[in-house]
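Consider the two complexes below, in which chain A is the common component and chain B and chain C are the respective partners.
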Partner chain A sequence: MSEPTQPKGSDDPAQVAAFEARIARGETIEPKDWMPERYRRQLVRMMSQHAHSEVVGMLPEGNWITRAPSLRRKISLLAKVQDEAGHGLYIYCGTETLGVDRAELIDQLLAGTAKYSSIFNYPTLTWADMGAIGWLVDGAAIVNQTMLAHASFGPYARAMVRICKEENFHKRQGYEIMATLAAGTPAQKAMAQDALDRWWWPSLMMFGPSDKESPNSAELLRWKIKQKGNDELRQRFVNLTVPQAAAIGLHIPDPLLTLDKETGDWEFGPIDWNEFMQVISGNGPCNRERLAARRKAHADGAWVRDAAVAHAAKDAARSAA
Partner chain B sequence: MLFNYLLRLGDDRLVLGHRLSEWCGHGPILEEDIAAANIALDLLGQASMFLKYAGEVEGKGRDADALAYWRDETQFRNVQLVELPNGDYGFTILRQFLVSAWAYHHLGALAASADETLAGMAAKALKETRYHLRHSAEWVVRLGDGTDESHGRMQRALDELWPWTGELSWQHEVDAALRSEGIVPDLAALRGPFEAMAKEQFARATLVLPDGPMRMTGGRLGRHTEHLGHMLAEMQIVARSHPGAQW
Partner chain C sequence: MSGQWPLWEVFTQPADGSPHEHAGSVHAPDAEMALQNARDVYTRRGEAVSIWVVPSSAITASSPAEAGPFFDPGNDKPYRHPQFYKVPRGVKSEE
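Moving on, here comes the complex of A and B:
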């Protein structure tokens, strides 16, 4: 056992070899176990990105809570967004086991130096987007997180198991919204198709660039932080989703989509990685708005957090006296 | 008569639940995003319950959604206190405390209603209200007795909000008729315990109750502030843009 905060490059080769042997045996790494500094950093990077995504992801859907068209939908949307807040909190707590606290990570997010899922930089323009996000975005997240539930780092893997249960519920709820719209009035059906048209390609981009171009993939796979490559996960998502769209009479906006009868895979057209790069480098449709909303909430809430700290200190002083 | 009373119960909760839900994603700390959403969810659930029953009592085939989405502001029967814009988090949490403290006494009395359905609903809502009351009361103390800034903000919020509370115990012929049948309590009798609870909490929060007059209001008669119309315009826009649609 050693410090989780050792300086970079200090890893003892014998310890690294023992660590990698543990990984190879399929053992789970716990926070108190020795781990290479690179492993710890990769985890902090992935987990904090994940936590930020949950929290920033509250904004596009939060945009429709006040306009949900029925009481049942209003309640279920609010509950969903609340779940995402819970996911964020839970994963931030997971990063604390790696010696990084939430305040530090939030500062990085607000400074614009931390990443979060690029999908949340797209705007939610109609009620149908609540269906599309639940179905596609939570759906894609499930494919990714089902894999991460086997991650070699115990706290992350356990968080994924718990979170995935709720994401499954969100996905069903989103799909049900889409199915209801698709079976509704012509205007509702058009709304559903438009939402699918807008969210389809960004959803495929959620899995990240092809493994050949993904700088972190090899290391993450070797340490079993990830168990599968981006392309394989993306293909799994497409294979799951294409029949679901067909079942409710919606059309996937990809003229090149074809079923490969031998592999059973739905082959899809080229992804516009230029768009992806634009969005992750800060020029997506809503990057500025999302960060501005988080910054405003943080700044507006500063006096509340300060007061809570001050009151707790007063209380402690009073009970000590 | 009971229809009108159920609208009051439902609308107070619908409007306040909606206001609280506006915080979702914008709270001062993630834990409070979750807590505020919890309270909003309870209130919206209670609103659905009371409005559904209102529709049944009315007997014209209106369900909770028809009442929530297809009435205009003059047909809403909530108190004006709940429709005021959120202000800062202190204003929101202080209003929540006032409404929860009132609801705690009101629902407690309604749980003994001669109308068994109403009594059951009140008992269920009371359970949730206890949590809302505890949570908001803790924050009132934390913020009132926190920093100089938070104390100042909370005192200003209390000065602003307190005069709106007169409407909580306002009664007219609807109350008299239902009271005579043992369906609803005398709200005037609840005023004392409500104020005692509020004062005790404000003393702990080092806040001083303003002693000015209560405001003239009319929410129970459908006369609202200028804020409610805007809120409903947003809330109802999608539903009203698609008459007859299912969601």
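Moving on, here comes the complex of A and C:
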């Protein structure tokens, strides 16, 4: 989906210069401050996609709540999924400060015209996938969101600060699941390894295409919405995760993975961007299922929303009388 | 479909004795549900001992474009700060 490009010169050049000077000084931009139309649009695009990802991200894990192997695992997973709902709300609330309605954004999601993170279009086949998601998907999200907590737009940065405080629990509960399985029976260990094999590459794709290929990267960096490029963040994630896999005796499914002794970076093999493009354009294994589940949940909740409005109206009428 | 619920700004007090701070916003059909939604969204880990919700439409904010002249009266009065005043050498003062 390509963004309509803003006709050049529609923003006052003096105002753009003053704005860019503020960015250069590291100032925070607040909703009522003047901003270039393109900055506003990039934020709406990025923040709404982020919010949708939190919401759709509840589905693959929600799939396992009723089948968690113990009460301890169940309450943790339930709390984690509830946090993701909260994350979606924090970011929708931040997006609304830019003058868009949450209802409008949700309509776009339900209509299938909005994007969300490609990772949530993969299926959760075994309990070990709950471990892999917490460890890898939330792990990758932490790397990304820690950077976004310094975004130049105040409401986005503040939502990220709030989210980052909650993500460590998500990652640790996932890693604990993986570590427990990896130390279990051969079948349990195989299940953990299988989950890592399936989630590893999609997790690396979460950071988006290489900066050289990413149409939005340069602009986001220039305006300090992002402080670091996709490749740098991906590398950071790999460097953090490789030793974590080794510590629990699991094997990263990449024959080309090697430590560059000079840089300290774990060099990894090529990412299948073709797969990424397929999934992001709607042809991943679960795209249709995810949207169908969201639509059904939204439709099933309509009577609750209507009842709440009716109750509020009745109450208001009563207290006016 | 009933359109979107009104927007409420949420202020939370992190601990007894501290001031309420803006936490974010929620949508809710009435004040009671706004409070409940605010609790569920912003205080899942005991982050607050008190919550205020205010209809967003009830908030009047100063304009960033006029921040310069608006706050100017407070910016050019150094004599409102203790550093403006000289104290003889060796005299201890309370700051």
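Throughout what follows, the second predicted complex is superposed on the first by the 311 of 321 C-alpha atoms of A that agree within 3 Å, B and C clash if a C-alpha of one lies under 4 Å from a C-alpha of the other, contacts with A are read in each partner's own complex, and residues count from 1 in each chain.
We adopt the following convention: a contact is a pair of C-beta atoms (placed from the backbone, for glycine too) under 8 Å apart; a residue touches a chain by one contact, two chains touch by 3 or more.
These numbers were taken from a predicted model, which means no experiment stands behind them.
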Superposed partners chain B and chain C on chain A - clash or fit: fit
First (chain B), second (chain C), both or neither touched by A:Ala159: second
Vertex chain A, arms to chain B and chain C (CA centres, degrees, nearest 10): 80
Partner chain in contact with A:Gln82 - chain B first, chain C second, else both or neither: both
Chain B versus chain C as contact partner of A:Asp101, first or second or both or neither: second
First, second, both or neither for A:Ala111, with chain B first and chain C second: neither
Partner chain(s) touched by A:Lys32 [first = chain B, second = chain C, both, neither]: second
Partner chain(s) touched by A:Ala247 [first = chain B, second = chain C, both, neither]: neither
Which superposed partner A:His311 touches (first chain B, second chain C, both, neither): both
After superposition on chain A, the shortest CA separation from chain B to chain C (Å): 6
Overlap of the chain B and chain C footprints on chain A, listed as residue numbers: 79, 82, 86, 89, 302, 305-306, 308, 311-312
Chain A residues within the chain B interface of the complex: 55, 58-59, 62, 65-75, 78-79, 81-82, 85-86, 88-89, 92, 127, 177, 180, 184-185, 187-188, 293, 296-297, 300-308, 310-312, 314
Chain C residues within the chain A interface of the complex: 1-5, 7, 24-30, 33, 40-41, 44-45, 61, 63-65
Residue ranges of chain A in contact with chain C within the complex: 30, 32-34, 79, 82-83, 86, 89-90, 93-94, 96, 101-103, 158-159, 162, 166, 302, 305-306, 308-309, 311-312, 315-316
Chain B - residues contacting chain A, complex: 14, 18, 21-22, 24-34, 37-38, 40-41, 44-45, 47-48, 51, 64-65, 68-69, 88-90, 141-143, 145-147, 149-150, 153, 234-235, 237-239, 242, 244-247
